[in-house]
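One chain, chain A, links the two complexes that follow: it is found with chain B in the first and with chain C in the second.
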Partner chain A sequence: MENILEYLKEERSQEWRAEIRKSMKAKERTSRERVKMPEEDPNVRNKSNIEVNSGLPIENAILEAQRCLDCPDPTCMTGCPVGINIPKFIKKIETKDFLGAASVLKETNGLPAVCGRVCPQEVQCESTCFYTIKLKKPPVAIGYLERFAADYERESGKMNVPNVADSNKIKVGIVGSGPAGLAAAGDLAKFGYDVTVFEALHEIGGVLKYGIPEFRLPNVIVDVEIDNLKKMGVKFRTNFIVGKTASFDDLKKDGFEAFFVGSGAGLPRFMNIPGENYNGIFSSNEYLTRVNLMNAADPDYDTPVISGKNVAVIGGGNTAMDSVRTAKRLGADRAMIIYRRSEKEMPARVEEIKHAKEEDIEFMNLHNPLEYYADESGRVNRMKIQKMELGEPDASGRRRPVPIEGSEFYVDVDTVVVSVGVSPNPLIPKALADLKVTDWGTIVVDKETMQSSIPELFAGGDIVRGGATVILAMGDGRKAAAGMHKYIQEKIKAN
Partner chain B sequence: MPDLTTNYLGLTLRNPIVIASSGLTNSAEDIVELDKNGAAAVVLKSIFEEQIMREADHRLKKAKEDGLIYSEYSETLDYIDEHIKEKELGTYLDLIRNTKKKVMIPVIASINCISAMEWTTFARQIEDAGADALELNIFVMPFNFDQNSIESEQVYYDIVNKVKDLVSIPVSIKISPYFANLGRVILRLEEHGADGIVMFNRFASPDIDIDALKVTSAQVFSHRYEIANTLRWTAIMAKQLKMDIAASTGIHEGEDVIKMLLAGATVTQMASGIYKKGPEHIVEVLKFVNDWMEDRGYNYIDQFRGKLSQGKVDHPEVYERMQFMRYFSEIK
Partner chain C sequence: MSKILEKEIFSKNVVKLVLDAPEIARTRKPGHFVIIKIGKKGERIPLTIASADAKKGNITLVVQKVGVTSGKLCNLEVGDEVTDVVGPLGEATHIEKVGTVLCAGGGVGVAPLLPIVEGFKKAGNRVITILAARSKDLIILEKQMREFSDEVIIMTDDGSYGKKGLVTAGMEEVIQREKVNLSVVIGPAIMMKYAALTTKKYNIETYASLNTIMVDGTGMCGACRVSVGGRTKFVCVDGPEFDAHQVDFDEMLARLGAYKDQELEAYERYLKTAETLS
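Moving on to the complex of A and B:
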């Protein structure tokens, strides 16, 4: 820790940083209003897949960067799960060295364009910004600036492909191409390993592709990062299920020395209420995967989802918001969120809730489904809903929803998306009897090295955390890459 | 040889010995043993409403400690109580299905509930899994100082109404004796559609260790002397009710079973006696009942069931409290 503080102090004392601090009085910086993110018109965007936030123009990015006080004790960094050198990249923007800013980001974060879009900065770095905690003012828009720098680099055509060490010809396998897997792959490639990423689906990107819709995270952003990894020598094998297509033993025979498992939490959960098996009731995973990856919105494709006119989405998290906003874009007249607590308790990002409201999404907070009904063909056509009120707080500090007796009523629905959480993907734990897992079904790992109970197997992301954010998953991937590197090198030395 | 066949909750039982909801009835394998030794039916270990709420809280705390689940943004954690409920219920439904596959005797499921909330929907899934009947073990804390007794009793009626609306299998209600007017409450439960009453629930009791200055748990098992209260209420209610009575608490031996049948019970529920002596104890109990009936020339139970209930005895006041007080006042 002391080393990090020393390093930050040294960085901050560099001449260019000192100069930029002196260039404007602190009072002038703090008197500025936080910039606003330009957004597409809600009535246009809710009929298309156009990205909702269009990104800061250069002049606004510089204005926002000027708000940053370059604090001697950058508390914002304590809120960043991967410890990005936040003041340094922001000051690079202030000096108009946008490529330099991107390069600072990439020191610790392989996917800044993704994180700038989907990270919940309001509870991470921005919640610990000096403006938030001391000045009680809106924080520096760290997320907007992160996205700006990353987008600038990509659009400049000067994407920096990190240097990779000479090949050591040691084969390592990555299971899953989500954020954890991609981060691990990048670092292992840098160390000189022969990296192969195995992906069960036909598209690379994991949850970044199948889970997060185009209007929030365009696929092109992810593809650029994947291309970069390919340029670094990382190989990708799609439609490959480790544990089914080939076992770990098969892969070991094939020369793989170690593995990183980032297979995510793709097993949907339901509420186990009557009628939940009727046609037209999806898990959010299935619904979003069909739309995002299988062209389900196009009736000419084999696996369409019916564009429901009355769509109910159960849940209050980001996946619920993604699902309900997708339903609206597919043409729903009535796209409803049915959430059993109040808006205050919703786990979704404030920004996502705001965007959903602007897009004409109906919020039925303090409501919970009780039962579904179907027509004679077994297709859901109605649901029974109960009104709730908030009782005593539970262990999470949120007030527990309590049903109001006699408040039940019916709503016509033709599509229901259940978005009440996920379980870790059980494929890998099932394939390996010796692998230690928790009661939650998550893989048990050493928190420093991410090594599992099977020495050559490392893991991170949702398969370890149950339900993480992109940045935490990436942090795990990087930590695991370092752990694997150490493990393999020690093994070589021992032999 | 006397015929011990008994009709309880519309189910034909081979004798009046039902194994009460307990740790004895928590696995299909254990239930097979009970069946082999002659148990007529089993009430499965309860699935607890409160326990699941507590488990949800425990999980939330543990997840935070471990930093495993990123709680602020996890939909999984937001619905953790639902997921725990789903998991617990799934395990319970498996217990019903497995038990039904392995034994021929009726399997009565049991829900321990404190409210008429979303839990009642469980009843239908329990019915679908193949339970022959459902015992609702209801206990609304009698020390809710903000609730009067009418409000507290209403919870019981609401639960019965809801569950009876949802299922077609018979529903019995297991209650505690803690009511201002117990007799009236039992009658109302019948009016609301209960098919049987189980008297009474036996709670884990507290004790105090005066050396360690600690609150401890009192004796877990019942004693035979605890039979009196159940005996009294069985005898009092037998003539009042059309629904079946299952007598519970303190019934350890064959003699106790006969006492309860004489008082008017349809069946008896046993647990502590079998915990102490093993499933083979059922054989002894049944032998005692059988011999007793043979000695007195009874061919079937209805010939003597309720013979000593309050309506049939010469001095019905013997079951009433006034008489009880007078009896003790005579002790010098």
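Moving on to the complex of A and C:
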């Protein structure tokens, strides 16, 4: 920690930083309003797949960068799970060195264009910005600026492919191509390993592809990053389920020395209430997979999806927001969120809730489904809902929702998307009897090295955390890459 | 990408395909299935691995044409590639020597029944197979079934071939006649429902291999869910075989029809374009 502080201090004292700090009075910086993100018209975008946020124009990015005070103690960084050098990249933007800003981001974050779009900044870096905690003003728009720099680099066509060390010809395997796997793959390639990423699905990207919709995270952005990894020599095997298509033992025989498991939290949870298996009731995973991965809404594609007129989505997380906004885009007249707590407790990003409201999504907060009913063909047509109120805080610290007796009522629905969480993907734990897992089914790892109870196996992301965020998954992937590097090098020395 | 190495036409709507898939061939066990997808815009459909040759690195599928994707697959030729093939998926069949096994298949269930019939025969069981269909021209894989069955009974609704009557009549006949230790049924949900009711009457342990709609096949989506003994199970990871006496077939029946209208429309569109092409 000492070292990092020293390093930051040294960086901050560089001439260009001092100069840019002096170029404007702090008062002038703090008197500025936070920029607004340009957005597509809600009534246009809720009928198309166009990205909702269109990104800051250059002038506004610079104006926003000028708000940042380049604090001697940059508290924003303590809120960033991967410790991006936030003031440095922002000051690069202020000096109009946008490519420089992007490379600062890439020192610690392999997917800045993704994180700038999907990180919950309001509870991370922006929640600990000097503006938020001391000035009680809207924080510097760190997320917008991150996205700006990353997009600028991508659109400039001058995307820099990180240097990789000379190949050491040691084979390592990555299980799963979500953000955790991609981050681990990138770092291991940089260290010189021969990296193969195994992915069960026919597409690379994990939740970034099959879960988060195009209107929030366009696929091209993920594809550019994957291409970059390919340029670094990373190999990808799609349609390959580790533990099924080949076992870890098979792969070890094929020369793989160590593995990183980033297999995600794949298993959808249901509520186990009456009628939940009627037609027209989906898990959010199925609903989003059909639309995002299989392109079901496009008649040119063979996969079908039901596009209902009255759609209820159960839950209050990002997945619920993505599902309900997708339903609207597929033509729903009424697209409703049914959430058992109040808006304050919603785990979704604040921006997504705001966008959903603008897009004519109805919010039934403090409501809980009790039962579904169907027509004679078995298609859901009605649901029973109960009103809730908030009681005492529970284990998660959020106030527990308590049913209000006698408040039940019925709503007509023809499609329901159940988005009440996921459980860890059981494929890998099932395939490895010796692997230590928690009662929840998450893999137990060392917090520093991400090493599991099987020495050559490391893990991170949702399979360890049980459901987290893109940036935490990536951070795990990078930590694990370092852990694996150390493990393999020590093993070599010992021999 | 998997190349088609061999193709054999069993009947108008049923073909056998041998695909190059070395890893799957190496690890698959009877009862496992794969998910295939044809072309960038294709859908993912499950198909049982009928047999495999680990040394040559290939797997065999027996496909019945019922809609767009199975139709496209049946129309591929030797040398063509299947864009995506992933597996082996599901839990393997519990094949052991139990004595006499009564296998009943109808409609889309006949193809996936074949490797199970073969497995039980090779394990040393007496295998009696009942193939059921509406009429003679819909009976498929009879020759292949005969190869691994001690006896094959054909049942048609209209009596145009074999005996007239439903699959359950054929099952009753066998059960009345001799001791049956285990029954395996695969077919339309309605057939499995009545087949299961029949064996339940005689207290015969019965497996049904469920062919639900699937998307990923890895337990990620829940499209394949069924109620077994009152609990929700995912066919792709918990199955595809379940205790037939515990399965809620009425629910499964309704769920299989979820996309009926869209499937029919897509198939008609596909048949039209296929016609104009040929």
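The criterion applied here is as follows: the second predicted complex is superposed on the first by the 491 of 495 C-alpha atoms of A that agree within 3 Å, B and C clash if a C-alpha of one lies under 4 Å from a C-alpha of the other, contacts with A are read in each partner's own complex, and residues count from 1 in each chain.
What we mean here is this: contacts are C-beta pairs under 8 Å (C-beta built on N, C-alpha and C of every residue); 3 or more make two chains touch, one makes a residue touch a chain.
As the structure is a prediction and not an experimental result, all values here were calculated from the model.
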| item | value |
| --- | --- |
| Touching partner for A:Ile4 - first (chain B), second (chain C), both, neither | neither |
| Touched partner set for A:Phe270, first chain B, second chain C, both or neither | both |
| Contacts of A:Ile492 with chain B and chain C, given as first, second, both or neither | neither |
| First, second, both or neither for A:Gly316, with chain B first and chain C second | first |
| Which superposed partner A:Val420 touches (first chain B, second chain C, both, neither) | first |
| Contacts of A:Asn285 with chain B and chain C, given as first, second, both or neither | second |
| Touched partner set for A:Ile241, first chain B, second chain C, both or neither | second |
| Chain B versus chain C as contact partner of A:Ala200, first or second or both or neither | second |
| Intersection of the chain A residues that touch chain B with those that touch chain C | 270, 272 |
| Residues on chain B engaged by chain A in the complex (per definition of touch) | 56-58, 60-61, 63-64, 67-83, 85-86, 89-90, 116-118, 121, 124-125, 158 |
| Interfacial residue positions of chain A with respect to chain C in the complex | 200-202, 238-241, 244-247, 250, 266-268, 270, 272, 276-280, 282-283, 285-286, 289-290, 294-295, 298, 300-304, 306, 374, 377-379, 425-427 |
| In the complex, chain A residues that touch chain B | 120, 123, 265, 269-274, 315-320, 341, 345, 347-349, 368, 370-371, 386, 394-396, 400, 402-403, 405, 419-423, 438, 440, 442, 464-469, 472 |
| Chain A-touching residues of chain C, taken from the complex the two chains share | 23-24, 26-27, 37, 41-44, 68-69, 83-89, 215-216, 218-223, 225-227, 232, 237, 251, 253-255, 257-259, 262-263, 266 |
